[in-house]
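Which chain is which? They are A, B and C, in the order written, and residues in each are numbered from 1.
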Amino acid sequence: MRIVVCVKQIIDPELPASQFRIDAESKRQRANGHPLVISPYDENALEVALTLKEKTGGTVAVVSAGEPSAISALRKGLAMGADEAALISDPALDGSDAFGLAAALARGIQKLGTPDLVLCGCESGDWADRTVGPILAEALNIPCVSFVAQVEAQDGRLRMRRVVEEGYEIWEGAPPLLLTILSHESNVPRYPKVKDIMTASRRSIPTWSAADLGVEAGDIGKAAMRTEVQQLTLPSRESRCELLDGEPAQQVATLITKLRERKAI
Amino acid sequence: MDLGLSPRQEMFRDMVRDFAEKEVAPRAAAVDAEARFPAQTIRMMGELGLMGVAIPAEYGGAGADTICYVIAIEEISRACASTGVIMSINNSLVCDLIYKFGDEEQKRRFLIPLARGEQLGCFCLSEPDAGSDAGNLRVTALAEGDHFVLNGAKNFITNGKEADIAIVFATVGRHLKHKGISALIVEKGTPGFQVLKEESKLGIRGSSTCQLLFEQCRVPRENLLGEIGEGFRIAMVSLDGGRIGIAAQAVGIARAALEASLEYARGRVQFGRPIAAFQAIQFLLADMATRIDAARLLTYRAASLRDCGAPYTKEGSMAKLSASEVAMWVTTKAIQIYGGYGYITDYPVERHFRDAKVTEIYEGTSEIQRLVIAGHLLG
Amino acid sequence: MPGIFVLGTIENGIPSRSTLELLTGAQRLAGGLQEGVSVGLLGPGDAASLYRYGVEAVYRANHPLLKEYQADLYLLALQRIAQTAGARVLLLSGDSLGRDLAARLAFRLKAGIVTDVIEIDIEGSEKMPRFTRPAYGGKAAAVIIPKRFPVVVTLKPRTLDPAAPAGKPKGKEIPVEISLDLAQARTRMVERVQEETTGVKLEDARAVVSGGRGLGGPEGFTLLVQLARVLKGAVGASRAATDAGWVPSSMQVGQTGKTVSPDLYIAVGISGATQHVAGISGAKTIVAINADPEAPIFKVAHLGIVGDYKAILPPLIAKCRELMGS
């Protein structure tokens, strides 16, 4: 099975809110030299891909559309066990919305070879639009199953466990498929081994421009934007937490009093 | 002059940091409080290649460089200093030593499982009456046919309880002084080799520190590392490398204390302002950060010299001297910033303080480091 | 042709709660943009109750294959009725169904898309709809405007109040012809498993007791269940607890999980990552119980107890039981 995993490099979302700054110009988070990481669910997706490969054979490729710095995200993908990596990076992509990114990714994925399975994180750790995956499925003209926690391959078909509000659903389908992956106890991302980091650091990773992929200029970048971020602001959340002192019995007694004052119980 | 990390070293650091934050740090308080050896963590570290970082892949290691090694020790020690020292001993005082001085058969037999982390090693030099005066050993290794017979006690042996492999320094004749010291590889379970006592300690409580006893312990001659009488040189060369590791451990402990202090200073409100707004606190934080960076740069320099194959004894001692004293100073100030909260065990800085102290003592006290440095200066 | 379209669902003869929330958004857009509101229905269900909410038209695609959710078939049907309705703004609930369909629908309609919207308003003279959504795990709020129409919008469930009836019912139903074939479903849902624990639904509960990594294991949830039962509430969990497999993912509260807006939210052993906090911003009173005094949850909680939950919860349960009993 040929599996392609799409990864996005983002500013570490675990960064405390106190260090979060907005760049007024781009209406994005200011990078400020903060660590860059693979968006968390994308790592879950990569783990699903690597586990499938171990069970059923095949290859795993990682692809990213973004800044040149995303090469390090791809390198980590290789160190975790992916066989191949490619970066799509071009100033012409700046300002692309989900449709522009999906158009570029679709071409990049096709250039790697027709995939059986395309995996994306169910949402990115920064904007969490949850749109690139499903749009990419449409652009590749393949079906999509979203919010998948587990995948099993059986006789050339796939069984997916899709998480919904009340529980989960089991979906079946034959490749080619695109899945958006949710974190689950079964797909905790592995740590790359030191020796694999050493090997991956020596691999060369191709960088493709929009022209290399034959992406239409009108399909990407600011000009193709269908929606625009007009404003990005910090929410004002000034809550003063009242810490309750004393032994547990006394803390509980105070808590009950306070809750009754607030009519919370 | 490039003082930055290469992309490879950065990727390595990110992995170790991620691992340390997710797997090591959450257990650190319990490992300390219960004086519990972090067996599961060490096993995972072995699988990742962190127990033989700078050993070539053909001998079970990860094939990285000394810079990566110090990065790893700093990141792990920042999360848990006990885990840091367990790792440091196995890497620099056991694996590196067998790699450098062992013959091919010894490397195949002992180094591969140690570097893979399948086995753990300890380094047995100190004795009840021979600490800094390491040339004056009393444990004897007398040749008897194709064996050496070990007799005597070793003191303050890190990993002593858990180690599968012990590198034991013993003398073939006390009258030979330094020149009689020889290094032997002793396997756990060899008759006559036992753990006499495990110490209760101020800090690094998750790592064991033991007294080991050898009584008529017969070690096959093929377990001799290097030549008879080469042991003292082997020990000194190993300690040169080990000191870089301890320097990195101290930097890691200090950084943990600084980061905790920054977080606390931002959140703690007194006189209506976060204490970080007070210059008295700001100056402390600035000094802490500056000294830590200086210690780290000295550590990187020593590691980088080692990677180039250049002499680094003086620089290793400088790094260890500086970093350990910085760690002690920074952790003391961290408690000061926390005030009363720093003195109680609900917060991590008292642990950092206790853990820091040993870095001024083991693998050569600060006084020994000063002697080494002065010796180089005066020639 | 009405310009605002809502994908609705009818439950027991009346609009579902999420449909009413969408209608609130639709009414706002309709007022500001001087447009009418239509509702799309897939399958049967009495449309009459919708007309009280200012709905002018109900476009219905009825087909036996729409009886249960199959993504590809739903997409085909939805695309068809959306095109028939010719709407400029299409509102879908940001539930698991809406999330599954919205982006693909936008692609097929060559529309823009905005997801997870928590606020809708109209910008003054330009008459431009503005959609507010959280970004960066709730650390920021973004206002998104469409650069073209149509635009597909998903609303974060439980953020807008349900619509109130508006004026005289005056709508009409427009059937939309659709032919579907099971072969068009490239993937199939073959099983649906309810994991919801007994008692009150998490989203509806007036009291929610949630647990996280700090519980140390699944057994910690036993105390939480007891407390929730006494408070007649529901039990939730942070992503750390569901990822660890301690409790089913249906219990997850947060950005990827459910949004709750109870009167009382008790977070036990939850560090308070923004991803979790994003799901509880509507809670009126937040109580944090955590052994780590540095946990960010204390920054969002109203009342906090630093301590071991195993020591706090038993007396708390006993006290509440006393109170509730009297």
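Here is the rule we go by: a contact is a pair of C-beta atoms (placed from the backbone, for glycine too) under 8 Å apart; a residue touches a chain by one contact, two chains touch by 3 or more.
Just so we're clear, the structure is a prediction, and the values are computed from it rather than from any experiment.
Enquirer: Could you name the chain whose Cα mean is nearest to the mean of all protein Cα atoms here?
Expert: Central chain: A.
Enquirer: Greatest Cα-centroid separation from chain B: which chain?
Expert: Comparing chain centres, C lies farthest from chain B.
Enquirer: Please find the two chains that have the most C-beta pairs touching each other.
Expert: A-C
Enquirer: Roughly how many whole angstrom separate the Cα centroids of chain A and chain C?
Expert: Taking the mean C-alpha position of each chain, the two centres sit 21 Å apart.
Enquirer: With chain centres taken as the means of their Cα atoms, state the distance from chain B to chain C in Å.
Expert: 53
Enquirer: Find the geometric centre of each of chain A and chain B from their Cα atoms only, then give the gap between the two centres in Å, rounded to an integer.
Expert: 38
Enquirer: Could you please specify the touching residues of chain A with respect to chain B in the complex?
Expert: It is residues 18, 35, 37, 72, 75-76, 79, 191-195, 197-198, 200-201 of chain A that touch chain B.
Enquirer: Okay, in this complex, where on chain B does chain A touch?
Expert: Contacts found on chain B: 6-8, 10-12, 14-15, 18-19, 47-50, 53, 57, 62-64, 68, 266.
Enquirer: Quick check on the complex: what are the chain C residues that touch chain A?
Expert: 69, 71-72, 95-96, 99-100, 102-104, 106-108, 111-116, 130, 134-148, 151, 186-196, 203, 207, 231, 239, 243-245, 248-250, 255-256, 258, 263-264, 273-275, 281, 284-288, 296, 298-307, 311-312, 315-316, 319-320, 323
Enquirer: Using the touch definition from the top, list the residues of chain C that touch chain B in their complex.
Expert: 293-294
Enquirer: Touching chain C in the complex: which residues of chain A?
Expert: These residues of chain A touch chain C: 13-14, 16-17, 20, 22, 27, 29, 97-99, 122-123, 125-131, 133-135, 137-139, 142-147, 149, 160, 162-174, 177, 182-185, 188, 225-235, 237, 239, 241-244, 248-249, 251-253, 255-256, 258-259, 262-265.
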